[in-house]
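First the structure, in the form of structure tokens, and then the observations on it.
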Amino acid sequence: MPKPKLLETFPNPYPKRDYEIVMTCPEFTALCPVGGIESDAKELEALEGGAPDFGTITVTYVPNVHCVELKSLKLYLWSFRNDGIFYERAVNTILDDLAKIVKPRSMTVVGDFNIRGGIKSVITARAGKAKR
Amino acid sequence: MPKPKLLETFPNPYPKRDYEIVMTCPEFTALCPVGGIESDAKELEALEGGAPDFGTITVTYVPNVHCVELKSLKLYLWSFRNDGIFYERAVNTILDDLAKIVKPRSMTVVGDFNIRGGIKSVITARAGKAKR
Amino acid sequence: MPKPKLLETFPNPYPKRDYEIVMTCPEFTALCPVGGIESDAKELEALEGGAPDFGTITVTYVPNVHCVELKSLKLYLWSFRNDGIFYERAVNTILDDLAKIVKPRSMTVVGDFNIRGGIKSVITARAGKAKR
Amino acid sequence: MPKPKLLETFPNPYPKRDYEIVMTCPEFTALCPVGGIESDAKELEALEGGAPDFGTITVTYVPNVHCVELKSLKLYLWSFRNDGIFYERAVNTILDDLAKIVKPRSMTVVGDFNIRGGIKSVITARAGKAKR
Amino acid sequence: MPKPKLLETFPNPYPKRDYEIVMTCPEFTALCPVGGIESDAKELEALEGGAPDFGTITVTYVPNVHCVELKSLKLYLWSFRNDGIFYERAVNTILDDLAKIVKPRSMTVVGDFNIRGGIKSVITARAGKAKR
Amino acid sequence: MPKPKLLETFPNPYPKRDYEIVMTCPEFTALCPVGGIESDAKELEALEGGAPDFGTITVTYVPNVHCVELKSLKLYLWSFRNDGIFYERAVNTILDDLAKIVKPRSMTVVGDFNIRGGIKSVITARAGKAKR
Amino acid sequence: MPKPKLLETFPNPYPKRDYEIVMTCPEFTALCPVGGIESDAKELEALEGGAPDFGTITVTYVPNVHCVELKSLKLYLWSFRNDGIFYERAVNTILDDLAKIVKPRSMTVVGDFNIRGGIKSVITARAGKAKR
Amino acid sequence: MPKPKLLETFPNPYPKRDYEIVMTCPEFTALCPVGGIESDAKELEALEGGAPDFGTITVTYVPNVHCVELKSLKLYLWSFRNDGIFYERAVNTILDDLAKIVKPRSMTVVGDFNIRGGIKSVITARAGKAKR
Amino acid sequence: MPKPKLLETFPNPYPKRDYEIVMTCPEFTALCPVGGIESDAKELEALEGGAPDFGTITVTYVPNVHCVELKSLKLYLWSFRNDGIFYERAVNTILDDLAKIVKPRSMTVVGDFNIRGGIKSVITARAGKAKR
Amino acid sequence: MPKPKLLETFPNPYPKRDYEIVMTCPEFTALCPVGGIESDAKELEALEGGAPDFGTITVTYVPNVHCVELKSLKLYLWSFRNDGIFYERAVNTILDDLAKIVKPRSMTVVGDFNIRGGIKSVITARAGKAKR
């Protein structure tokens, strides 16, 4: 299960200025929920869970009072590793968890997932007004 | 013949938020209708139909109540494989079939087709207001 | 001489929708008019005409009642092969010839020509309002 | 079924010289035999056959008395389109069919297939001594 | 723990010919053993195991009597997912497990692992004589 | 410690025209403050300071009365080499130091930092109105 | 010294249409004025002038009555070869010289200069209203 | 018709040393002989000849007494422009014409032709012993 | 000063097999010795040492009894950070220090350094017989 | 005129080991001798010399007693700037001048020159036995 408690913040050192922070994690992995696009009975037995998904998560935000602590973001994203979750839900959950703790002026989360069944998926969700 | 009945949806898990989903299928193939740019009598005899076309279909949409089920999209796109269809009609048909079932806030379909007769074609059709 | 009579159209299958068609021809060639940037007397004697130019022609348009037939576009572009013509005139002539026959809602023609004398040229001409 | 009868040759215009011909076809497609890595019952029902595979076939050879006629190679490769065949068999079959008709001094066939189940496959088979 | 029992083979359809098969899996992941280059106490507590490693595994072999069944290779590589293993051991283990079951004429396994601590690692192990 | 005194200017040769200058330094390095994402006790002992960070700094500005002297910018950026500083603070400090001396019509500083802990960071800060 | 007298024009063949011409010269070279970022006494003695700079000049304009003759632009840019000139002045001088002779509806000149002292510079100057 | 008389040579300035010269011409064009892979009756009527082919010719040689004069090579390659010739014959003809006049220690000619009918062709012919 | 004492090893888990390990560190930096290609009096005063150099160090080896511990290699390479050393000496020193501790069957060290004074340098040194 | 007197050496710090040094200078420029491929009377008048050529010079050598001093190589290559010289002579002259002063175990010089008249040239000359 994703563990938002792992997320930590530190005080924004320049709170008076609108500036943008982009953090890209190319090593996101989770499990496809049971019944996913490429899993069958034998595969589930092999892994005791759904088939693995891989992708890149990019978080872009304009901080207000808090900044995301980089190492805690890494640990939070690791906590999806053995979780069965759909793409749409994963991206929106990450946005909700981060926005709740960081309270940014604006935030965008993009999940760019590897090809499954010959189709590539990219999901983009935003909270607040995107800068530019 | 394209089979829109193959398309399935699942409930949008975050219906209150405008967010964007991009699905890219680089393995689209159909047949060129008889009389197409590179076919002649002998070729048609060889294949018992028109010459094959290849391309990449990209669907971008902002979901409302429903999301496209990924595997069903794959099967739907496979159903063009032995169908003779012009580029312009293929792209607009995919947009119509998807929009009818998904009822998105907005949707764009792009067909990026391989070179034929030394000319590359890209067709872009939109329904609703494109996000951004 | 360019032969606009080679251009043919077919009825736009989705005339009620504004959608965009991009056709790219990377194999355009014409001759540089006499006195061009790299030709001299001996070269002209060798070829009995100007020095060859090479480039890529890209046509982008929103169709109204007619679409450009792909094979006829290929033949029309081939008809410049042994014609001496300046870059600026070639691009504007292609735009005029196509717009006259297709009567599009908007159309853009780009000519991206190879380096001559260490300088690369790109010419862009538009008719009607460009989509986006 | 692959149709080797579609293959035609023309006389090698320079039979006294060892020279190399490489022909690359990036638009090869066939069907995965029933029970393939990503197919299930519903998919087969949808397509009345196996799931489609895509790849690039490259033929490299040193001609002896005959050369492969390019258009006939295209038609021959098209004839795999609705055939269920494993990668290993497809590549070796193409090599056997071509070598039988062309009788080259040497020939190599490479099949570079798109990712299936997260794994990409490349198969290389040779007949005679590869040049260099 | 890696599960070599998941590996399956099928009969080589062309056993008389030396030909080469390359299978590339860009979605390999395992855990770094406790005490690895970037893990500390807090991280281990977060994940109940070591920090995740990511990489691409490439298997190249010349088959003898058996070929590796593609789907079973995928399941076998998935079985490293929650295993703590050093790079050097992972690559040599995969080579040993595959060579034992497939008995190839030759086989090479390459593990190309993502940057850790600012350093990228690639491990290459071979069994038998590499073709070419 | 960063040394803004190293920065020098020269008179803008075209003060009446709004024009844009972009200076990119791909060789920026600083130290991560103690307690950073990948440092531990042994590492600090080895280097007698924090772990090194690497990145590219890009400064874009529209000059008013003064231009940044290129060599002095190089020396100023070198002065971060043995300084422990967080990404957010480094980018905003560079912007403040430069804007104070150059008094530009507008200025943007982007810090594009190498992957640390599997996450890449890009920080963008602006002063004045960005041109375009 | 730059020689604007080398610049020649020809009549715009389509003066009623706003269209865009881009000319890119990747072989621009000039000398750094004495005291430049990498020159010292010995270097100057060696070359009897400043150290050489290299870059790409791109001119984009919408013609009015005249077009720039391509060969004359080449000769004009060559005339900077043994001239000591700062980046900012070179780009603005080229813009002034061209705009004075061509009298375009709008014109932009970009100078993209190679790395000096580990820093890359790009200067962009505009006259009139940029198209799009 | 190709005109080998256009080829000129100049004395090799370093005849005692084996050194290699590579000349690449990315703007080769010829006509496909009547009956080629993509031509039909209407196309031939349009152009009064075969369909155009495009490709890159690369000549690599170790000079003996003579070197190829660059401008004369350009004119010689232009002389194929309106000639109907098969790929195999074009490459071997260029090799024969050049080797006869230059008498090199060794020479290789590669013709890398654009996709026709979905298939790309590369032809390589050598005379003498290739260096390395 | 480089600190070879930081280097640590662990036992090779597969000592009976010749296999290859490649470790690439793209974040190597050292100082140019006083009097280096781009430093002058003012720069040295600014940094209290020579100008910084940047490059990528790649170590390739076939282990015998010991393997290099990855984290210790990182710390060892960091120890060059404030050391003035020429390229040729740096690469040969790294090879000597590593070979002395690891006693590999063979080892190659490549230093690929960024452009200085418009010239890029790559130094390659080997100990023992390189594998392949 | 090229000035070999500008070349300086320093003692090879590891004379007992065969190791390789590659130095690449992407900013080489010289003048084409009068009568060159693209010059005519007017151009020569404009520049008072031949048309400029541009290219990249790469020197690869295994040092014996001496190494090339990097800055002196830069100055030596600059000394071709206003010299009229053919490609073949430039590459062989650089090899002779360097080999005479450095007395390497082996040395290779490659000149990779920009397109002139639509043809790109690469010249490679070697002295001694090339390493590998």
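Here the chain labels run A, B, C, D, E, F, G, H, I and J in written order, and each chain numbers its own residues starting at 1.
Throughout what follows, contacts are C-beta pairs under 8 Å (C-beta built on N, C-alpha and C of every residue); 3 or more make two chains touch, one makes a residue touch a chain.
None of these values were measured; they are calculated from a predicted model.
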Required steps from subunit F to subunit H (each step between touching chains, minimum): 3
Compare the contact pairs of E-I with those of each option in F-I, C-H or I-J, and report the one where over half match by residue number. I-J
Euclidean distance of C-alpha centroids - subunit E vs subunit G, Å: 55
Whole-Å distance, subunit D centre to subunit J centre, using C-alpha means? 46
Can you check how far apart subunit A and subunit E are, centre to centre, with Cα atoms defining each centre and the answer in Å? 27
Enumerate the residues of subunit G that touch no fewer than two other chains. 26-27, 114, 117-118
Subunit I-touching residues of subunit J, taken from the complex the two chains share: 12-14, 17-27, 63, 67, 70-71, 73-74
In the complex, subunit C touches subunit H at residues 3, 6, 26-27, 29, 42-43, 46-47, 51-52, 54, 75, 78-79, 81-82, 114
Contacts from subunit B onto subunit C in the complex sit at residues 37, 86, 88-89, 91-92, 116-127
